[in-house]
């Protein structure tokens, strides 16, 4: 499944394909309507929020120092990315192009302050 | 900013760097605590949910047929990915490795049904 | 619609009935499945989060000092409560009894520290 | 704590006071910034969404028929209401007046269809 040319490190399109094959092998596609996937995405995002909800800003910057919390945060990041890629799969959206275009727009919308 | 070797198509690490440079050029890092970024991520995920909240499952599968809705969905997908990458940046998480490891775990947790 | 005995101030059951009549008069009940209402509830909750997402804890405590922000927060609080009551309506849940029972459970789960 | 005049049934202001006393007795107020409370509110709302995320609209209408799911939904409804009331407490918002005013505005914004 992993590209030996890239040293075994998967890229985003490879992970998106792997997720699609994972769902297909388990016959989960009927559950993967766009409506359900955006709900699942928001639930996973809120599970990230839950980790941080009572922390001060300073404490929130130190979460990776505790191995158990670091593992939990990393796991939730993976869940958010998984549902986002599955949503892109069923809708035919290229997430890399979408973000590239969005940054282009934001650069025009929020010009960087220049030198004095 | 884009890698000419890859035909101009950005990959995820390149977009993550571009977002980090974008925030740094605007001096936005003080706002980008992990706690704030997960809140922003959940808000963007809910903006996706908002598009789908009154749709039937069938209608939700057709959202890309309307150009205005397709553009809105694509834009929100980009926003979710942007905040996820910025969160990974400040926490030092590799999102591709995190997801790869998560799929490995899920393959053990949910074995695919074999042939009869 | 308001109870003249209570000086015109509505109570929660009266508001729940008013919302049910409002939806019925507009033939919105087909959209008000429990699944759709919980999505709408989460979207409104995130609209509250959006107001606070870049604020420090201290700034977040002062939001009501700005009249425009105070009005926006109050409006989103109303939206969250509206969808919560509409969810209770379609599911037959009494929100006041549910919360009363929950506080009873929490008092056993988190005993208050006694005097020294 | 419960008003004997009302047959022991609490109203919303009584529950809000009970929650405030509960938090004060445990010295939890420093955690109850508006920013933290809206995060907690959104997390609880998403826990409701999680119950419904893979259900069809029809299945979602039947959740109260299963006692375990009914208890879970009721518990999450209580959690959402608890954080909403605690937010109102720290911000000085009257949730009943806020909702009453919102319905007034919505009646003007979405006029009910009249007789033919």
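Descriptive notes on the structure:
Every chain is named by a letter (A, B, C and D) in the order it is written, and numbering of its residues begins at 1.
The rule is short, and it goes like this: a contact is a pair of C-beta atoms (placed from the backbone, for glycine too) under 8 Å apart; a residue touches a chain by one contact, two chains touch by 3 or more.
Everything quoted here is computed from the prediction, not taken from an experiment.
Although chain B and chain C carry the same sequence, what matters here is overlap: shared residue numbers make up over half of all numbers found at their interface.
Centre-to-centre, using mean CA coordinates, chain B is 30 Å away from chain C.
Here the CA centre of chain B is 30 Å from the CA centre of chain D. Look at where the CA atoms of chain A average out and do the same for chain B: the two points lie 4 Å apart. Touching two or more other chains at once are residues 36, 39, 42, 45-46, 49, 52, 57 of chain D.
Viewed as a contact network, the protein chains are fully connected, with every chain touching every other. Partner chain A is touched in their complex by these residues of chain B: 2, 9-12, 15, 18-19, 22, 25-27, 33-36, 38-39, 41-42, 45-46, 48-49, 51-52, 55, 57, 60-61, 63-64, 73-75, 77-82, 84-85, 87-88, 90-93, 95-103, 106-107, 110, 112-113. Interface residues of chain A, counted against chain D in their complex, comprise 31, 36, 39-40, 42-43, 45-47, 49-50, 52-54. For chain B in complex with chain D, the residues that touch the partner chain are 39, 42, 46, 49, 56-57.
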